[in-house]
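The two complexes that follow have chain A in common; it is paired with chain B in the first and with chain C in the second.
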Partner chain A sequence: MSILVENLTHLYSENTPLEVVALDEISLEIEPGEFIGIIGQTGSGKSTLVQHFNGLLKPSQGKIYLEGQDINLKGVNLRLIRQRIGMIFQYPEQQLFEETVFADVAFGPRNLGLKEDEISQRVEEALSLVGLDFIQVKDRSPFQLSGGQRRRVAIAGVLAMKPDYLILDEPTANLDPGGRDEILALLEQLNRGEKVTIILVSHSMEEIAQVVNRLVVIHQGKIITAGSLFDVFSQEGKLEEIGLSLPQITILMHRLRQAGKQIAADIFTPEQAVKEIISRIRGKNYV
Partner chain B sequence: MFRNMIIGQYIPRESQVHHLDPRIKILSVIFILTGIFLIKSPYGYLFLTLFSLFLVRVSQIPAKLFAQSLKPIVWLLAFTIFFHFFLTEGKELFKLGPLVVTEEGIRRGVAMGWRLLLLIIYSSLLTLTTSPLALTDGLESLLSPLKKIGLPAHELAMMITIALRFIPTLLEEAEKIMKAQTARGMDFSQGSLMKRVQALIPLLVPLFIGAFRRADELATAMEARCYRGGVGRTRMKELQAHFSDYLSLALVLIIIGLAIWVNRYGNWSA
Partner chain C sequence: MIEIKDLVHYYYMGEEEERLKALDEVTLEIREGEFLAIIGANGSGKSTLAKHLNGLLLPSEGNVLVDGVNTRDEKTIWEIRQRVGMVFQNPDNQIVAAMVEEDVAFGPENIGVPSPQIKLRVNDALRVVGMEKWRKYPPHLLSGGQKQRVAIAGALAMGSKYLVLDEPTAMLDPVGRREVLHTIKQLNQEQGMTVVLITHFMEEAVEAERVVVMEKGKSVLEGPPEQVFIQVEKLKELRLDVPPITELASLLRSEGLDIPLNTFRIDEMVKALCPYL
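And then the complex of A and B:
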């Protein structure tokens, strides 16, 4: 019961002089309920990888299984797979096209052939999940909304399809810190509350460290390392080699440890750091 | 899906054809294309065909790519030859049911087909060996004498450059939007004609909005850098024709001259 990727290779412009190996023998399993991060530099192949999960791209070699089912076999209903594996692209607000917010969010459910009352119920749910007021926005044009609101409408458009897995490609690009935190909080809520498996593609360690429980590092189409945040972040040298740095707070904690302070090694967010430092100071004074 | 489309099909190589002054190349192609229509003798066509093979060889561009550029006109070619074969009056050779094949028909069909092939090969030679930028630079330079009668040569060239520059960007964006809508359960390739046309709305609306946004941003960026048209504008790379460029043009003219001269030995398109 998972998304299973086996020896996936993807070539762009296959059999032409411009052929590029975008993915090279990738194998990966994504378990239900996980919150997994896929990190890599621009052009590392991370977006190409996730577009295979719901059949938007076909592998040059290798297979992708959704719960044991090879999704690229003939006769597989890809629409069903795309309902189960939702995909939110970078700058999703650029895909809005309908006259009203309601119609745009309803686009996905409508393609699934749902009944009108089911559709409007789902639209209402999805909009409230992303923190928009259904009554207030439903009849407005998506193009009258602010950038952040437009992005949330676009995300609601995918959530309304009720996917079991949700792939997000750089969902916080171009958002201010407030907007970013809201999106990340929404993802955590979806993962914990709605039991949606989340696959977050990003190039920002800071962001990924805040939310994921497993991390896959991709470089030049290959998986460099994968594992828990702790496992991955302990390979600082390897990450730096491919141009990725640890979250600043983790670097700071490493320095404190090097300076002889008693600090836990698995600190990846400022919140954790504050807690840890306070408890260390208190420990010293009060024990 | 759009990745394999050849548009602005420039293939960078370090050949003599690539290094020719773009103006010389444009002029040569214009002369050759005019020549093709003046030539009536099969010997002339043969002559130009050999010359094109020579240029293809020198340009270091794989012949496969030329074959690819012929693909879009295969049907045009087939129809042209077909109609000339059967609809030309003259000496009857044989009959296929109600259709009469004449000697003149075969000659004319072959001549027209051959002409079309030559037209495509020579114009592909230009676009395959000249970067779009060099091409518009050359065009601007060639058109600049017409500025005196009010033709905005620089603005035209700039428009072409910008249009060419944005084709890949828009294709990329179209691909992305299509994927995004496909992920939302849209199907672009199935259903009745009406359904497929409707399926274009979720693609075209975001695409147009994106194009207008980009145009706006580009205009601002150009104004911010004080762009105000061609007057008094200097360039980093001035086009300069060398002796070898003139020599090439002379060679082309001689070849065309010879090809037209052999008209006296046979006329296939009368």
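And then the complex of A and C:
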């Protein structure tokens, strides 16, 4: 039971002189309940990859299975698949179009043919999940809200579909640090509380290190490395080569080790670092 | 020098009575040759402030003087816009020509600079931002960081003395961000350009000489990075980040370690920690 990607190759402008290999034989399995990060530079193919997961793009070669079902077979109901695999694009607030917040969030559930009271209930739930007050915002125009609030309305629109899997493409781009932390906290809550599988596309290591359990690094259409944060971050040189930098704190730990100090390498945040450093200093004084 | 005196700005939302005070009596001096960073949460007024520096917005109350000239004076507004160059967030919204060198030449052509001089200015500007190799390229084939450097070259070719950048790296990846920041620092240090950088990225703000923190239309904190970024709790209250190394430094200090206040970078932290470990 998973999203299974098998030998996926995607060519843009296939069979023309402008043909570009965007994805090159990618294989990957995403298990239910995971919080997985997909990281890579602009143009690495990460957005192209995730747009295959719910059939927005078709593979040039290879297959995508959702829970054992090849989603690109004839006769497969893609609407059903897109309902289960929600996709939040970059700058999703640009897709808001209704006159009120309620109507915008209700758009998806209404298209599912749900009854009015069920729609209303879903809108209320979705808005409360993203931290907006239903009564306060439901009748307002989305365009009267702040940028961060608009983005949360857009996310609520996808959550109202109750997806099992949620793909987010750079969901924190252009938000201030406070807004970014709110979105990350929301994703953690969805993953832990609501058991939604989260696929987070990002180019920020600092951000991804805060939340994911597993990391896939893409470069020039290929998976360069994948695994736990520890496994991936131990390959500093390789990541630097493709223009990705480790979280600053992790680099600090690596530098201290290179200077011959005994210290753990799998440290990603200031809070973890202070614990490790203090316990090393106390240990040393004790001996 | 740019002097901002008791600057108030209202945005009107439809009805006359419904107005939003985006800037609330801001007073600030931007000195010649300095590198100033302005940080603040979304909606704190920092972009509004930037648009006042070259008269794209005019004060509801108060005044903005660029080298002594008031932005309210219609006769001199073009002179002011020439002096204060602007670079915005989205590189795709500010490129007008089909070739890099034409784009950079667009500004000087518009103000009637003679052709031979335009050529010199364009050459110089592209060299300074490290884009001379791409002069004949169509801009849409450039990376985000390269496009922003072309936009900066455009301001240089106008002979701007002040460069105001409104989140120029927000839409760029880490490589593009590094390129643009490097270009900005170099302009400031080698060309003596006055730089006002509005940013969400604290690791960029620590590179400035002075940092202004905005909240709800006011300047609430101001000083060199080592004074601003040690106020970890205050910054978090303002929904801002503290650079991770600075946050670690503050946590270590509260554990009784002696970490210097200006520890922002990894090598500085390694040096501070080595005696303990």
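By our rule, the second predicted complex is superposed on the first by the 273 of 287 C-alpha atoms of A that agree within 3 Å, B and C clash if a C-alpha of one lies under 4 Å from a C-alpha of the other, contacts with A are read in each partner's own complex, and residues count from 1 in each chain.
Everything below uses one rule, namely that contacts are C-beta pairs under 8 Å (C-beta built on N, C-alpha and C of every residue); 3 or more make two chains touch, one makes a residue touch a chain.
Bear in mind that the values here come from a model prediction, so they are computed numbers and not experimental data.
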**OP:** Identify the partner contact of A:58: answer first if only chain B is touched, second if only chain C is, both if each is, neither if none is.
**Re:** neither
Original post:
On chain A, which partner's contacts cover more residues, chain B's or chain C's?
Top reply: C
Original post:
Regarding the shared-chain residue A:157, is it in contact with chain B (first), chain C (second), both, or neither?
Top reply: first
Original post:
Is A:97 in contact with chain B, with chain C, with both, or with neither (first, second, both, neither)?
Top reply: first
**OP:** Return first, second, both or neither, reflecting whether A:112 touches chain B, chain C, both chains, or no partner chain.
**Re:** first
**OP:** Could you list which residues of chain A make contact with chain B in one structure and with chain C in the other?
**Re:** none
**OP:** Going by the contact rule at the top, pick out the chain B residues touching chain A in the complex.
**Re:** 3-4, 62, 173, 176-177, 179-187, 201-202, 205-206, 209-210
Original post:
For chain A, which residues count as touching chain C in their complex?
Top reply: 41-42, 144, 146-148, 173-179, 203-204, 206, 243-245, 247-249, 251-252, 255-256, 259, 261-263, 269-271, 273-274, 277-278, 280-281, 284
Original post:
In their shared complex, at which residues does chain C touch chain A?
Top reply: 13, 40-43, 89, 143-144, 167, 170-176, 200, 202-203, 239-241, 243-245, 247-248, 251-252, 255, 257, 266-267, 269-270, 273-274, 276-277
Subject >> chain A - residues contacting chain B, complex >> reply: 12-13, 16-17, 51, 54, 56, 79, 82-83, 86-87, 89, 92, 94-97, 107-108, 111-112, 143, 157-158, 161
